[in-house]
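Have a look at this one.
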Amino acid sequence: MSLVKEFNDYREKMNDVILEKENKTLKRFFSLDHQAYAEGALPVKTKELMGLVASMVLRCDDCIKYHLGTCYEIGVTTEELYEVFSIANLVGGSICIPHTRRAAEYWEELKSS
Amino acid sequence: MSLVKEFNDYREKMNDVILEKENKTLKRFFSLDHQAYAEGALPVKTKELMGLVASMVLRCDDCIKYHLGTCYEIGVTTEELYEVFSIANLVGGSICIPHTRRAAEYWEELKSS
Amino acid sequence: MSLVKEFNDYREKMNDVILEKENKTLKRFFSLDHQAYAEGALPVKTKELMGLVASMVLRCDDCIKYHLGTCYEIGVTTEELYEVFSIANLVGGSICIPHTRRAAEYWEELKSS
Amino acid sequence: MSLVKEFNDYREKMNDVILEKENKTLKRFFSLDHQAYAEGALPVKTKELMGLVASMVLRCDDCIKYHLGTCYEIGVTTEELYEVFSIANLVGGSICIPHTRRAAEYWEELKSS
Amino acid sequence: MSLVKEFNDYREKMNDVILEKENKTLKRFFSLDHQAYAEGALPVKTKELMGLVASMVLRCDDCIKYHLGTCYEIGVTTEELYEVFSIANLVGGSICIPHTRRAAEYWEELKSS
Amino acid sequence: MSLVKEFNDYREKMNDVILEKENKTLKRFFSLDHQAYAEGALPVKTKELMGLVASMVLRCDDCIKYHLGTCYEIGVTTEELYEVFSIANLVGGSICIPHTRRAAEYWEELKSS
């Protein structure tokens, strides 16, 4: 499961480098970013799918990988996932197709792990 | 309910102008865009919220208004809506705040109608 | 032809305000921007259509209006124009639809002038 | 000074509508957004200019107006401002020109107030 | 011709992974995306150049590579190509320069194949 | 210092490939891009920080690397740099976090060189 491990390791290592600089605004922003996806009036699953679709239309591969990882953990199915992909592609256009390819590859790795 | 009516009337009028030109690709694209939000493995509500969050991070006021209208019709609550706003602002940044203001204004109009 | 006149008047007035400030970089940039669309290895028409499609996927209504004005002057047909619209919508996604509506409205005004 | 007053009044009114909904994530995000521009290792002026250039390349007219207002209050000169405009246009491209026009108009209003 | 082959192989492999999931909206969107570039009122060459310029200002390296491949096949010259690059850079700004570097590299590979 | 050398070498090599094509608009644009950061009413340091923040919110890793290199040369401190990162993340949103990670990594390499 190399793509997944590589992503998570790099992410963790660099977050440490960033947070140890003790910039208060950045620290609070990172913490707020997690808080936004917590269970609330909307369930965690809906929020993760929203995080994923937002990452896809903004075309950020690393953000996509992060949300794919969480989606996998909470049991999103492949059929559901591809409906997210279809909305992202319709809203964001064919410019999202290359990101969809990399997302599909990462999802296969998550499933085969 | 002037903001809402103004938006819907203009949208309908200009869609007619566009579709009467009989460009096949555009017609199919418009129809596909609707199809993406139909009930499937994911419920309509989740899809509308994804459409809304995508519109917010891409900062398209008219797309936001369209999805707010549908969200209102299917019974999304104000508390749920503001959780969508919070995710959109975290992912998309403070650059989304002015769009959140206009979205909040449109939502108040929908509720008071 | 109010939309067209309003756009051109404002554009000209504010360009004057900007250029009288004598910022050399901005002046050269404005002049370079014109130069890019001059006849070269590619004909003016192809360049204007490229300027239009770029403005549409980047979703800048004023840039779209500017290129629509030039396209109208050099004889682009409505059928050709809607093929540009269809490519812009496919590449840029449904987020471009509201801009396509305003582009369609502006084009009708240009034709009826 | 109508453009300036209109912007500030709407901004204040809608911020109230948003904040009274008591969404904790949004409230903290709004507060964090202010905190980021406070005097620190970098002076307030540099931070405001960075806020302005970021708003220009992301092409958000309301964010531009907000930072223009603060820049005016802290004594940024017209010559300095146009150097910000020139960097924004070079980095962000001619797609920023219409936003530069509206920024120039707003700045003239601030100066004539 | 490793860059070119690597790109085409990955693209084909992942398109297969995506399409075998049988998501109807995605399948139709992929097919519509091809249809938009077919000969019509505008010639194929103009459409490919528009696809390229749109990909450059939206800064999608894979989309750029795809259109460069097609441009090469239909006989676009290097001089014409660099006029597309110049328009993309003017409209999209210096933020497009790194993508222009990778596009230039890919084009050299296509020519030397 | 491999990341830094790799970036600079590739940048220089491909700029040569581009400029030898003698496209006048591109050449002037490249030269104008440098001119925008020269000492003027605003000091070089402020301009470099603006170039960096613009590159971060537009999420261009190569542009970020370029400005990080210059910031390092002119003596920007780590504390100042992280204030730029914090503004970029607040304005541009969590979608900028992966780019902040790569920026942090590149900065560590610059410091350890």
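So that you can tell them apart, the chains are marked A, B, C, D, E and F in the order they are listed, and the count of residues begins at 1 in each.
Note that in this section a residue touches a chain if its C-beta (ideal position, glycine included) is under 8 Å from a C-beta of that chain, and two chains touch if they have at least 3 such contacts.
Each chain and its UniProt protein: A, B, C, D, E, F = Alkyl hydroperoxide reductase AhpD.
What you see is a predicted model; the values in this text were computed from it and never measured.
**Student:** Return the chains common to the contact lists of chain B and chain E.
**Tutor:** A, C, D, F
**Student:** Computing the C-alpha centre of each chain, which chain sits at the greatest distance from chain D?
**Tutor:** Taking each chain's C-alpha mean as its centre, the farthest from chain D is E.
**Student:** Taking A-C as the reference interface, which entry in B-F, A-F or B-E shares over half of its contact pairs by residue number?
**Tutor:** B-F
**Student:** Validating interface symmetry: for the copies chain A and chain B, is the fraction of residue numbers used by both over half? Same or different.
**Tutor:** same
**Student:** Quick one: superpose chain E on chain F by CA and send over the rotation angle as a multiple of 5°.
**Tutor:** Fitting chain E to chain F on C-alpha positions yields an angle of 120 degrees.
**Student:** Report the chain whose mean Cα position is at the greatest distance from that of chain F.
**Tutor:** Relative to chain F, the chain with the farthest C-alpha centre is B.
**Student:** Averaged over CA atoms, how far is the centre of chain D from the centre of chain E? Could you give it in whole Å?
**Tutor:** A distance of 36 Å separates the two centres.
**Student:** Between chain D and chain F, what's the gap in Å when you average each chain's C-alpha atoms?
**Tutor:** 23
**Student:** Can you compute the centre-to-centre distance for chain B and chain C, using the mean CA position of each chain? Integer Å is fine.
**Tutor:** Whole-Å distance between the two chain centres: 26.
**Student:** Could you tell me the distance, in whole angstrom, between the mean C-alpha positions of chain C and chain F?
**Tutor:** Computed value for the inter-centroid distance: 30 Å.
**Student:** What positions in chain D touch 2 or more of the other chains?
**Tutor:** Touching at least two other chains: 25, 29, 32-33, 36, 54-55, 57-58, 63, 79, 83, 86, 89-92, 94-95.
**Student:** So how do the chains connect up here, line, ring, star, complete, or something else (other)?
**Tutor:** complete
**Student:** Mind listing the chain A positions that touch chain D in their complex?
**Tutor:** Where chain A meets chain D, its residues are 24-25, 28-29, 32, 35-36.
**Student:** Considering only the defined contacts, which chain D positions touch chain E in the complex?
**Tutor:** 57, 89-96
**Student:** Provide the residue numbers of chain E that touch chain A in the complex, in ascending order.
**Tutor:** 10-11, 14-15, 17-18, 21, 23, 25-26, 29-30, 33, 54-55, 58, 60-63
**Student:** Sort out for me which residues of chain C touch chain B in the complex.
**Tutor:** 59, 78-79, 82-83, 85-86, 89-90, 94-95, 97-98, 100-102, 104-105, 108
**Student:** What residues of chain D sit close enough to touch chain F in their complex?
**Tutor:** Interface residues on the chain D side: 32-33, 36-37, 40-42, 46-47, 49-51, 53-55, 57-58, 63, 77, 79-80, 83-84, 86-88, 90-92.
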